[in-house]
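Per-chain residue numbering starts at 1, and chain names A, B, C, D, E, F and G are given in the order in which the chains are listed.
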Amino acid sequence: MLVAVVLGFIFALLVPFFSRFTKRAISLVYPLIPLFLFLYFLGFLEKIKSEGQILFHYNWVPSLGIDLSFRLDGLSLLFALMITGIGTLVFAYTANYLKGHQYLDRFYGYLSMFMASMLGVVLSDNLMSMFIFWELTSISSYFLIGFNNDDPASRKSALTALSITGFGGLVMLSGIILLQVVGGSYSFTELLNSSEIIKNSNSYGWIIALMFVGAFTKSAQFPFHFWLPGAMKAPTPVSTYLHSATMVKAGIYLLARFTPLLGDTIWWNSTLVTVGAITMVYAAIHSVFRVDLKGILAYSTISALGILVFLIGIGTEKSLLAAGIFILAHALYKAALFLITGIIDHETGSRDVSKLAGLQKVMMPVAIAGFLAALSSAGLPFLLGFISKEVMYEATLQLGNWALILTALAVLTKILLLVAGFWAGIKPFTGNLPSEFNKAHMPSPLLWVPPLLLGFLSLGFGMFPFFIQESLIQPVFSSISGSDTTIELKLWHGFNLVLLLSVLTLVSGGLLYFFLKPSKALIEKTFKFEVISPQNIIENGSNLFGSFARFWTRFFQNGYLRNYVITILAFLTLLMAYRLFGEVNIYIDWEQISTVSYYEAIVVLMMIISIIFAISTNSRTTAIVALGVVGFANCLFFIFYSAPDLAMTQFSIDTLTVLLFMLVLVKLPKNKSFSSKGMKFRDAFLSLTFGVLIAILTLEVFEEPSSSEVSKYFADNAYLLAKGRNVVNVILVDYRGFDTMIETVVLVIAAAGVFSLMKLDLNPSKKDL
Amino acid sequence: MSLYDYFNWIIIPILGLSVILVFIRFLKGPSLPDRVIALDMLILISVCIIAIYSIQTNQSTFLDVAMLFALIAFLSTSAYAFYLEQRQRK
Amino acid sequence: MKDILIMILASFGAIFILSSSIGLLRKPDVYLRISVTAKASTLGIGLMLTSAALYFNDYSVTTRIVAIILFVFLTISIGGHLLARAAYFTKTPIWKGTKVDDLAGQYDEVTHELYSEKHNSSIKPEKDTSI
Amino acid sequence: MIVLPIIFQFIAGTILLFFWRKINLQKVLSILFSVIGLGISIWLFLQVWEKGIMVTQSGDWKAPFGISIVADTFGVTMVLLSSISGLAVSIFSTGSMRKERLAFGFFPIFHFLIMGLQGAFLTGDIFNLYVWFEVVIISSFVLLTLGGKKQQLEGALKYVSLNLLASSLFLIGIGFIYGLTGSLNMADVAIKLDGLQNRGLVSVTSGIFLVAFGIKSAIFPMYFWLPASYHTPPPAVSAIFAGLLTKLGIYAMLRTFTLMFGGDEFMGDIMVVLAALTILSGGLGAILQQNMGKVFGYLIICHIGFLIAGLGIYTELAIMGTIFYLIHDIIVKTNLFMVSGLILKINGTQDIKELGGMYKNFPLLSLLMAIPLFSLVGIPPLSGFWAKIFLIQAGLETKDFFLIGFIVLGSFLTLWVIARLWGEVFWKNSVGLPKKANGLYFGQMPLIDQWLMVFPIFLLAAISLYIGFSAENIILLSQKISSELMDPTGYIEAVLGLKAITP
Amino acid sequence: MKSLIFKTASSYLLPLLLLFSIFILLRGHYLPGGGFVGGLMASIAFLIHSFAFGLKETQSIIKINPGYLMPIGLAFAVGAAIAPFFVDAPLLKGLWFEEPFRFIGMVGSALIFDIGVYLVVIGATLTIIFSITDTV
Amino acid sequence: MTKSLFLSNLILAIIWVMATGTLTEENFLFGFFISFTILWVITFKKEERKYFTVIPKLLAYIAFIFWEIIKANFQSLKESFYPKSKLEPAIVKVPLDAKTDVEISILSNIISLTPGTLIMDVSDDKKVVYVHVMHLLDKENFIKEIKLKFEKPLLELMR
Amino acid sequence: MEILLVVIIGFLHAGGLYMLLRRSMFKMIIGLILLGNGANLLIFLLGRLVKGNPPVIEDGLKVFTDIYADPVPQALVLTAIVIGFGLQSFAIILIKRVYNVLNTDDLDELNSTDEEI
């Protein structure tokens, strides 16, 4: 199983290395991989039917509780089959669609990476590894959407898609971790046992909210849906694969998967129903206002995803069953429609549905596929779409108080989707071929066989539901609902309300199709609502965020050193003051303070005056000489208080510093006075506060009794063990010789630095220009 | 009167007074050479103070500091002179 | 006895120092100030150090003190010379009461060459009119 | 023998100083020394991993009197990481640096810088730490200004002044520590501070350390020098700065705030707030910039926030997250700046608007570069991902929900920035090479130099991948470090010789 | 500076001050002084000389580029630091000759170390000052 | 000649120290004194005898300078309390007989240390020095005084 | 006396900070130097003050008989001073270089590396 998941990755990794040799054979080799996987998963059908689920376990990061456990049950098997099955078709389709493309190999690389990630998502039992694969789908879709990377719009869409799904992913990550914190495990199987604990915990609301963000962004639910139409910039096989059949369903998968664990609470259900309902209606309306085939399909996909969320949200057995069937039905017909769109685009160079017509004359098989897909989408009897629609209406009708309105919404959505489906699958193939498409001709079988196959599958499953009832849908249902009710898929339910609604849907949809013609004018009408569209709101929001970012960055990183210093020291001052006055008992113990002799007072006075002088003078040289006096007075303290070594060193170094200053100053320009009075006052205030705080703090630390253990040891052993009388020097070269050793390095580096600073100038000089 | 007291109450006050006078010159300037000579003088007075202090504390080690001070006073004077001349040359 | 000698020496030293400090403060121009420091402080320092030598009465201390005294004598006079010269270069004002200024016009402004014969290009310190 | 890495780099730097002008010899020696240094670090790491904390007392003066050199797991891990980064940058710089710069002491100073870092990681003495810090900052000053270009100088001015300010504060902090305890040995100080009645003073002191190290590690509101300077020196220099310099501040903070000021709740809260704002500031800055170097500079800040977050939360799990992130970040950030250097060599500019066409012209190289870029984002299971799990979990456990919000925001902004960068630099078509006054484009360089630039990127990318895919090992390591940090008894006992320890 | 007096005096002062700086260096272990102060004094001596005679002259007197004094000094210091390794003692352990030398006193690794410091200080200070007076 | 005598004197002193085996300063000075006496006794040539008069002369000159310095200090002590009006400063050019650098330098230092005078500079051709005087009564007289009091004995000693 | 020293320490820090906040590079460095001096004095003070008894063991003795000043802060300050010298000289040369290249002392004109976003 691990191999099955990882195969795609291995393949993706190998692509760049082997593409040179396999360029020719590429299109033949690649589709074999998903095909192989498809067959592999198909082999599990029987086992799942009998055992319900199979677990595989591979260790990875045991200390985090993260492993590569795979869980194959009805739901994941359905998805695995869809991923590999549709994958096979898409791979084959691509071989021709992008034939001779310079980067075909890369494309396959991304595609197989995506497939593997997707398999990982649906198969992982461990939530964290599921999340890892989840993110990988985002990344690989980023690369796929941006495949035509010369095109700025393509790049922008890729970025948008990644931003939204990435954002959702991160939020979901928090949710997953929170789930682990509450439930104690990342293993889905283990978590199932503590379902009740989780639902009753305080964090439950947070958990589902965070998970929802992840699922909604991925599955393009309102208001995060807008990345999906943008993602249609990708080559058609990508749209087919990612944006109809698989990736966008990852969110649905997630919700379905979590239903037994987190579902069946008021929050869960009401949120999902609300969001699902809004999305399905909103997107369905949008879909009939488009003329671009891909746009129509994108919005109808969003709407379909809304339906799925809606169904999962209802949460009854019927609705979950409906969801299970609809996942499959939608995948089949929507993939077909996308592939067909690709063919049309490929052959005619246009996706404008208002212009397209009459293509049945040149590409009959494609037309058949289109018809089948559109009819399945519409839910015509004998197609899989019909069954799903019936079950769905049944589900909504069972809802008591809410039944009426929810059913109405569902019917409305279905009607609009019918129109959208017809536009995509039927309209281009009816009527007369416009002259501008005369050059269109029959595409290669690699292109038309996949959609046709999908169309026939819709038909086949629709006519003979027992094919899939027990082997596939039953296990799917069990794993979503967690119940062991036996289901039955029927074509005929008798004359009842559901049938009436079906008929209503078909009739009004059909009428709408005949009266409403797709046109640019229709779209233009929607423009005035753009202002309040989520996309616009979020884009405005992100612009606002950008302005905020600009403000924040300019505010702090304003280029003025003094502002930096002020910020830092104001922060320090506040911190110190808060702690000092809040926590420290300020006192002075005069016992510890020695008396002042008058000569010390003179030196102190001299020092203070010199400091003020150095600060206030406007002449540089005077400031430097004053600095010299400060250092000199400092040395006097060192002498008075028994530090001859220190006095000597400090004085030599002070003098050298002053000397350096002098040498540097020779050519510096005149000092100017820049600051205003107010600014000086502010600075003086801050400086004094800082100085006072440091002073108080120093005094308080001074008052604390201190241990002299270390210095006593030094003094006692200086002569006996270290053979020196000058303890300071003994410390410098022996006790703490290590310091000194390093310190010499500081000097060396400083000297080297000064040397290079003075001698090396890489600025382009005038003669170079 | 002991040596210590004599120094403490007679000599050091005189030196302290000198320091103040020189320091006033330092503050007044007006030219850089004035300040430099004042600084030089300050250091030289401190050589004296150190000498006195070493007697008071009976620590001859301080005299070495005095030696260094004298050396540095010379260095800084010559450096300032150097600087002044360089600046003029410019 | 030794103590008294020390006291006397130190007292004289301190007085000389004080006098040169007063001079430093009161003399009207920088050249006079340099001149006065160079003189009075030398002996002041010398006496102070001598009293210390007397006090410690130790061979090694004495030699060091002698070294310091000689060094101070040498450096004070040279330092004074350097500073006075530099002050002249930078046109530090000379007191208006100065009787003769043979140096006026003897420096070459560019090469800083000093001529022994009368010469005419040059650095004249401004007469100080403020005092 | 713990001092071996330090002493070795010391000797290396000294030898290189002797060959000041012999550039080619220096190149060879530098790589050689870096390799040996790495070997020593690995050896030391294994020793400590097997035997536990090792201590040497310099001068054979028993603690707390002499300077203790302590190799605990944290320390040796940092030494190892710095050796790895050091090797990579050493190789990279032989290929990418201009001759003039090499002729003015780049290599010796570089090795001294590595020595400074490793010394700081191994010392057990707070003042000694200060001295190591100074070695590091003076070397960084020199490397930052090497060449004296206009931009470099302007950036350096801010870098130098704020770092000197930090040093001064550090010194004040040490003064207070000594005033309070009479000791400098961190283990000894820890014990003595613990026994102190006046907690307020300890807390204020820790505040000073917070600011001193905060400036060095570029946390909010003290990061200003970083965006002003990190993009100005040659990329090889930026690489070592980015990978290790700010991390030194973090190291010091982790060390002091676990060992000496452990468990101050107020400081923890402050750090949590600062972490959030650091993440925000870095992220916001990064999304605005057009210069690749600046983008990465702001990202450094952003990710420093993650590191501080763990320390602020202050649980074993959180520290573990910080450590893991630190390990990842050192490797990735070093690599990132080398990548930017390579891009600069290829295109002659770091301006995102002018860049492009990388993917088309250098597909394999682009894929190689994608590894550090997306590791940085933390695309699972690459290396940046794992630490976030710990941090988020730790935050959830201590109910620091708003911090998690910022972590998510920071990760998101990083994702956005890198994706945008990828789109602009790699996907977009190139706009043609600008004229270059001097120096060669990548394409014109000799093959050996090309490899010298690509190989270190490859090396670090491979290590990033290792960290990501063998996260288990790194987690075990982080766990060990974290538990050692959170319970410093072992450290203290080892240093003060309360247990029998073999030197 | 073109002062004859200064030149003459400083050419005599130089050896004297160097002597004194070595004196300060050697006795550092017993009395105030040591490598740092000694090194600084020596550099000051050279500086005074360079003020009097100009940089070129002083450099030619020193003969060896002061830059090289730094690695030499470092080598001394690190040599003293790692010497204990050879007798299986930790870094920087003081090693001493049994008997004091005449004039110098006890000779041990600490002294070698201090000499290293002395050389580094001279080298660094002179490099710094010289490289900027060069360009003044 | 003086030099070689001094050298012999020194060597003899060292031999003395080695012979007696006592390496102390006192012993060295003692040895120096003994050999000085011996050399004095055995040297006959007139011009060579200068070596034996130089030292007493030198001591006398140093004493003289010291005295001048003390005088200078007392003078400045007095002056410190003078009003400004008594000052008569001047910068005077003094021609030189001294030729070598060492001679000129020593002379200048002495002039600087003694009453009321300060060397401003020496001309580049070493022919004159410029002296700052605090109280210039008569220029010619002042120049003569300098030359007689300080320069002549110094040159005698040096040559 | 300690009080007065504390006042000076406060002054040095206040003055240093004030200078750091000026617009001139030159003043900035003066500020840094003042801060450094302040820190050194602070460490020195916190080693407690002892008058007239340097930590030098007298000739003939093997240990101190009298009181002595704490040698540790002295050694620390000494180290800090020397290090400070290295850093300060670098900083001083840096401003010279900046002036040579950019011809200004005004820090406000030196923010091109932060300005452009």
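Here is the rule we use: a contact is a pair of C-beta atoms (placed from the backbone, for glycine too) under 8 Å apart; a residue touches a chain by one contact, two chains touch by 3 or more.
Not measured: the values here are computed from a predicted model.
If I average the CA coordinates per chain, which chain comes out farthest from chain G?
A
Centre of all protein Cα atoms: which chain's centre is nearest to it?
Chain closest to the assembly's C-alpha mean: D.
For chain A versus chain B, what separation do you get between their C-alpha means, in angstrom?
Chain centres of chain A and chain B, defined by C-alpha means, are spaced 70 Å apart.
How many angstrom lie between the CA centroids of chain E and chain F, rounded to a whole number?
The answer is 33 Å.
Can you give the whole-Å distance between the Cα centres of chain D and chain E?
The separation of the two C-alpha centroids amounts to 36 Å.
If you average the Cα atoms of chain A and of chain E to get two centres, how far apart are those centres in Å?
Distance between chain centres: 62 Å.
What residues in chain C touch two or more of the other chains?
Within chain C, the residues that touch at least two other chains are 15, 18, 20, 22, 34, 44, 67, 74, 76, 78, 81-82, 84-85, 112-114.
Of all the residues in chain F, which ones touch at least 2 other chains?
In chain F, 108-109, 119, 121-122, 124 touch at least two other chains.
Quick check on chain E: which residues sit in contact with 2+ other chains?
Residue numbers touching two or more other chains: 1-3, 5-6, 9, 20, 30-33, 36-37, 41, 44, 47, 67, 70-71, 74, 78, 81, 91-92, 94, 121, 124, 128, 132, 136.
Can you work out from the touch definition every pair of chains that touches here?
Touching chain pairs, listed by label, come out as A-B, A-D, A-E, A-G, B-C, B-E, B-G, C-E, C-F, D-E, D-G, E-F, E-G.
Please give the residue numbers of chain E that touch chain A in the complex, ascending.
28-37, 40-41, 43-44, 47, 67, 70-71, 73-74, 77-78, 81, 91-92, 94, 96, 106, 108, 110, 113-114, 116-117, 120-121, 123-125, 127-129, 131-136
Which of the residues in chain A come into contact with chain E in the complex?
644-645, 648-649, 652-653, 655-656, 659-660, 663-664, 666-667, 721-726, 728-730, 732-734, 737-738, 740-741, 744-745, 747-748, 750-752, 754-755, 758-759
Name, in rising order, each residue of chain G that touches chain E in their complex.
Interface residues on the chain G side: 54, 56, 78, 82, 86, 89, 93, 96.
Residue numbers of chain D touching chain E in their complex, please.
These residues of chain D touch chain E: 3, 7, 10-11, 13-15, 17-18, 20, 56-60, 69, 503.
Mind listing the chain E positions that touch chain D in their complex?
Those in contact with chain D are residues 67-68, 70-71, 74-75, 78, 81-82, 84, 89-94.
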